[in-house]
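The following pair of complexes shares a single chain, subunit A, combined with subunit B in the former and subunit C in the latter.
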Partner chain A sequence: MTTTVPRQAAATGPARALAWARKNLFSTWYNSLLTVVFGAFIVWAAIRLVGFLFDIDTTIIRVNLRLFVAGRFPNDQLARLWIGGYITCAGIGLFARAIVRNAEFKAIDAGMAFDRAGWRAVTRRFWPLLMLFAVILGFTRTILPTLLTLLAIVVGIAAFLLGGMLPRGVARRSWLIPIVGTIAFYLAVAGFGGVGWNDWGGFFLNIVLTIAGITLAFPLGLMLALGRRSTLPVVRYMSVTYIEFLRGVPMITLLLMGAFALGFLIPGDRQFSLFLRLLIAITLFQSAYIAEVVRGGLQSVPKGQVEAAQSLGLAPWKTMRLIVLPQALRNVIPAMVGQFISLFKDTTLVFIVGLLDLLRAAQISTAQSEFQAQGLQAVTLPFAALFFWVGCYVMSRESRRLERKLGVGER
Partner chain B sequence: MINQDVFSDATQMKGTGETMIELEGVDKFFGEFQALKHINMRVGKQEVIVVIGPSGSGKSTMIRCINRLEKHDHGRITVNGIDLSDDIKNIQEIRKETGMVFQQFNLFPHLTVIDNITLGPRQVRNVPKKQADELAMDLLNRVQIPEQAQKYPGQLSGGQQQRVAIARSLAMNPQVMLFDEPTSALDPEMIKEVLDVMQELATSGMTMIVVTHEMGFAREVADRVVFMADGEIVEVGTPEHFFTNPEEDRTKLFLSQIL
Partner chain C sequence: MTSIETPAGGVRPPFWRDVRVIRIFLQILAVVVVFGTIWILGNNLRHELMKQGLPTNFDFLQRPFGVNISDSSFDRGSRVSAALAAGIKNTFLLAIVGVPMVTILGTLIGVARLSTNWLVAKAAGVYVETIRNIPPLLIIIFVFNAVVLQLPKPNDPATPFNSFVISNLKLVGPSLATSAGAGALWLIILVGVVGAVVVAIWRTRFSERTGEPHHRLLFGLGVVAVFAVIGYFATGSPVSISRATVDGRVITGGFGGLGSYFAILIALVVYTSSHIGEIVRGSILAVPRGQTEAANALALSGFQRLRFVVLPQAFRIALPPIINQYLNFVKNTSLAIAIGYAEITVITFQAIGNGQPAPQLILLLMAAYLLFSLTISIVVNILNRRLQLVGR
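== the complex of A and B ==
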């Protein structure tokens, strides 16, 4: 009897497909017409795309790969960037393990079981990043970068395993790892006669601007949101003015201001570099948006929560820090990450005022004498887009994971 | 006029005889609307007061004024000898002495049950974590849900949540407990488990003011019953007096509607 089951399924398969098509694609004469017209278009577009992909000449990417990834970073200093990469890998490995270890300790204290995610789960979680690395390494001209990347992965894993030995007290202070890591990274790249941030470029610049922008704009936005709800009129009106003014101008205006006008506003001879002025512009702009996102979160916390905290005798700022803010921020994770994603993509706007980011690298590579006027934007722009897509997609997935973990939507 | 009589014989303060809470001529306005009209009340140490009355009569507003969740406009409020003023330090002193249980529980959803209970002692009284955890487990045993300590409020039933809320208030070791319709948001089968905890608390000698519609509880547990209507205290008396022989017409009308 069991042998007849597959045969039956095979027999009904095509028939069911036909019935589905009749019901969904050819139900009326105009649906049939639309199906035929769009079907033909899709087939045509697919053929064109496949043809393009096979016909593609990726020499421009091979030649300019370093420009895309790191801008005009001096050749003889490139080792510093690799060391920075190793520090990053080690930091991420150590930090990840410390977080897991903290969760373990908590579970043990609570007398509950704790199971760690396996390697396969982690790979599934970050597959777009791994794919991006594979694509980049696929365009390298020597084997050396691949070997160095493999070594970086080894360093990351080693740091992760090392993190498993962290004692409780150190694991609890794991927030120090990103701070120490960032300082070490900066010293490795820029310290001791290295390459300062004014000469950073390529996708590396976009990442630095994103991380620095988020790190600076988030606390500022948080303070503005609290300021907007302050009972002190001065603080409140200053916050409102700031938020409404900066939300009311296009980001490009602020970047142009940062590039060409901010210098006049700063007294004294000391000038900030272009990189710093643009970072300030990005931070100011994004903090106003983040403030509004946080305000939405603050308003979503029921009044009863504050009353319960007050009736325990909790001081106002402790009520805010321990009761209101954790719930408010949890409620706005999707909007907040959306804001971060938009910040990430907006960092490409710095190319307008002359910083050499990934988008600018894609543009100038097609202006090189050997590649110009060959329509190679069709190669470089999708390649640049892939970098951003990977970054955005990973952020968005991680946000959804965090939401699930913190149980947004269930009370 | 009626309010002046509330201290006379049948309405005499019970408990140990010492005063725990005193309200003198308290007025409260919400815009034009007067929610409390010249409220006078004295609550003795270890006394259990049940406040009843139609909705909108100012019952909740009155007890919310006692720990300054609402600011009263005129009159004096004294809790355990502390005069309630606008000074935030002073307000916090009174809030440490008064536990409050809400209709909607208002547990902190992002904290586990045990963290909900230890928050007050640890953050306000600076009790070390270990000691606070022990205290919390004692209280969870007292409200009979020690096995729920590591869960989040959202995973508990309404009755269990309200018992956690009571334990959370008790963790501050308050002199007074205020209950604002603690069983009104509960499914009928869960009301009893909460009332049992409250009754046990009353027996242990806690000073309590309970706003409720549970007449059975008022009859069994209250030392005095206060009837409020339209922002005024209409009648005060022992449960026997109150339920068998009410004097005021408004009380009679209310009782006839609900009993």
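== the complex of A and C ==
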């Protein structure tokens, strides 16, 4: 991140402010007009918004907070979700530190300086997340969730510090952490008589569908991208057909297929659950988009790399695995985050075919008898939007940061 | 990639190591695996459909649809195919009105983000960063529930200026009503348009010859206006303004659409324009700085610089991603399913709910969208190639 130096270092005092306003707000007559009209509109909107925020009755959110976050997760099983949350926090803390540590080791090996992001920078980058947590906890009815959240933060920090003690070998294999973490998470939530994924809901479901969808679609997308660049014409045409077909249709058609038509393709009475069918549909759909993303990465690898590998006598498969893919996949990380964000927003579509995600929770809570017909969608929908906004905004900013760091498109 | 020449001795490798054989074998394998899977799935589909007593072909399209479609002349006795056609028409209605709107709004926002006016630039930035990070479906439902449904009830609509009728079911505004003789008027206006084109060509040539400003748009519009005014009185004023009036729940006159139509239109325009704004901004930034500086050196005004130097070049860069957003807009109209505006996806959903076979219907739905997407892609590719050639 570039350090922002104040442009006018000695800019203090009303004279400076006036000069600034004259330059940036009232430089010409139409700029002045724009400023006045726009300013009046913004002030009016701000007054309306503040009035609205003070006016609304947030009881509906207080009562339904669990529905929003976790759907109809059974009350007596809720501890499992908290344990799952702790595992996630520990995993993220450990993983983040392990990545940094690995980079440190590499920098030391290469004899380069290494600077670590400070706490202040991290807060500046993730303020929307902190705000979201503060808002959610502000709507809880007991002190318990707040304490449990604080504990989660402690667990995360502890794991982060623990990560600093990881030996070199483990730090290099840090990709194992998410895998082990995911298995542990699933066992904690669903294993040993827990709650299976068919009963998952709320914002939790949106997150699960996004992560699972992208993870499952990635291998398929990679195969399709390689297929599209294959020298075998039949493989190439089939890949192109698949990719262009799925990119030409809206995702809702795939979800309708998953909900209403997929069952016809499987013989016998044994049927997949709705969750699984929709996950299959999402995976099939996303793989086409990921294929295009990966293809962009493959095309960004200079041809000289392949030729150099061939001159070293590497077989085609080894050229791909050792030379092309590592560079290509590094370059597609920002675009993959973009795809992740896009799917994250699109997971709201599952509510149309009957899963209880955050958006559906925001809808059905206004149909409860005590909140009926009071126009409370104006309260619940912005609250739901806040969740998505925070997630997408933080991720898109991080991906832009990563893009600058990786220098994609600058070579 | 790999050399396929035979070794120097002329001895060919055994066939299982011959690249040519391996290539053919791999392709046959791919075909067998893919088409085998499709064949098996198709067989399963047929068996399961028959087991549930559903048709395995497309004859169901001739059966009655069984549901009315609001705000259309379609009645429940008509065929499924007619219902699907009505749905496609409604999808088009969204696209045709929406695409120009997102273009204009998106361009304005993109330019506003680069404004020298701090307030305008910041406001546009906040708009973009807020809207594009929220799911479009959520925006649609919000606009429908929190804006459109809060309008007056249909039995007591608002009637501003005595020419609009606004209720949460339907929004109607004034329109043009024609009587006998209108055909002649349209013909006269058409002649006017032809005349305007001729005048515009003349003005362009004049401008090229003398270097005077051509004002061809002004001249052309003037010609059309003269023809229209003369024609209007010559044919005995066959066109009048029809005000929308309401009597009970019956709205007469005017032209309008359902509340759900406006909800999805507004929501998608707001959402898509935030994306187009980003594209426009990026494209303007991608125009080399020297172009702006050269325009300044020629003493072009701010507007002229934008209109004649920066925007034409920016749009060449922006065209492919913007068309992509148009396609996204059309695909996103399928989200109308959340609020029940009767476009093609909703019609399909209703047909499935009425016991028509889902696999075939969804296949038709996909084919409709695919046809649309591919047509646009082809047109755009042609357009793009022409744009890239011109002016380089």
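One rule holds for everything that comes next: the second predicted complex is superposed on the first by the 349 of 411 C-alpha atoms of A that agree within 3 Å, B and C clash if a C-alpha of one lies under 4 Å from a C-alpha of the other, contacts with A are read in each partner's own complex, and residues count from 1 in each chain.
Keep this in mind: contacts are C-beta pairs under 8 Å (C-beta built on N, C-alpha and C of every residue); 3 or more make two chains touch, one makes a residue touch a chain.
Source: prediction; values computed, not measured.
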Looking at A:Leu298, would you say it contacts subunit B, subunit C, both, or neither? Reply first, second, both or neither. neither
Once the shared chain is lined up, is A:Gln363 touching subunit B (first), subunit C (second), both, or neither of them? second
Touching A:Gly313, do we find subunit B (first), subunit C (second), both, or neither? first
Between subunit B (first) and subunit C (second), which, if any, makes contact with A:Phe388: first, second, both or neither? second
First, second, both or neither for A:Gly248, with subunit B first and subunit C second: second
Once chain A of both complexes is superposed, is A:Leu349 in touch with subunit B (first), subunit C (second), both, or neither? second
Comparing subunit B against subunit C, which has contacts with more of the residues in subunit A? C
Would you sort A:Phe264 into first (subunit B), second (subunit C), both or neither based on which partner it touches? second
For subunit A, which residues belong to both interfaces, subunit B and subunit C? 310, 316
Under the stated contact criterion, what part of subunit C meets subunit A in this complex? 1-2, 23, 26-27, 30-31, 34, 41, 44-45, 47-49, 115-120, 123, 129-130, 132-138, 141-142, 145-146, 149-150, 331-332, 334-335, 337-338, 345, 348-349, 352, 358-359, 362, 365-366, 369-370, 373-374
Could you pull out which subunit A residues touch subunit C in their complex? 24-25, 27, 31, 34-35, 38-39, 42, 231-235, 238, 244-245, 247-253, 256-257, 260-261, 263-267, 310, 316, 341, 345-346, 348-349, 351-352, 359, 363, 375, 377-378, 381-382, 384-385, 388-389, 392-393, 396
Going by the contact rule at the top, pick out the subunit A residues touching subunit B in the complex. 110-112, 302, 304-305, 307-316, 318, 322-323, 326-327, 330, 406-407, 410-411
Tell me, which parts of subunit B touch subunit A in their complex? 67, 69, 88, 92-93, 95-96, 98-100, 102, 104, 106-110, 112, 119-120, 123-124, 150, 152-154, 165, 168-169, 172
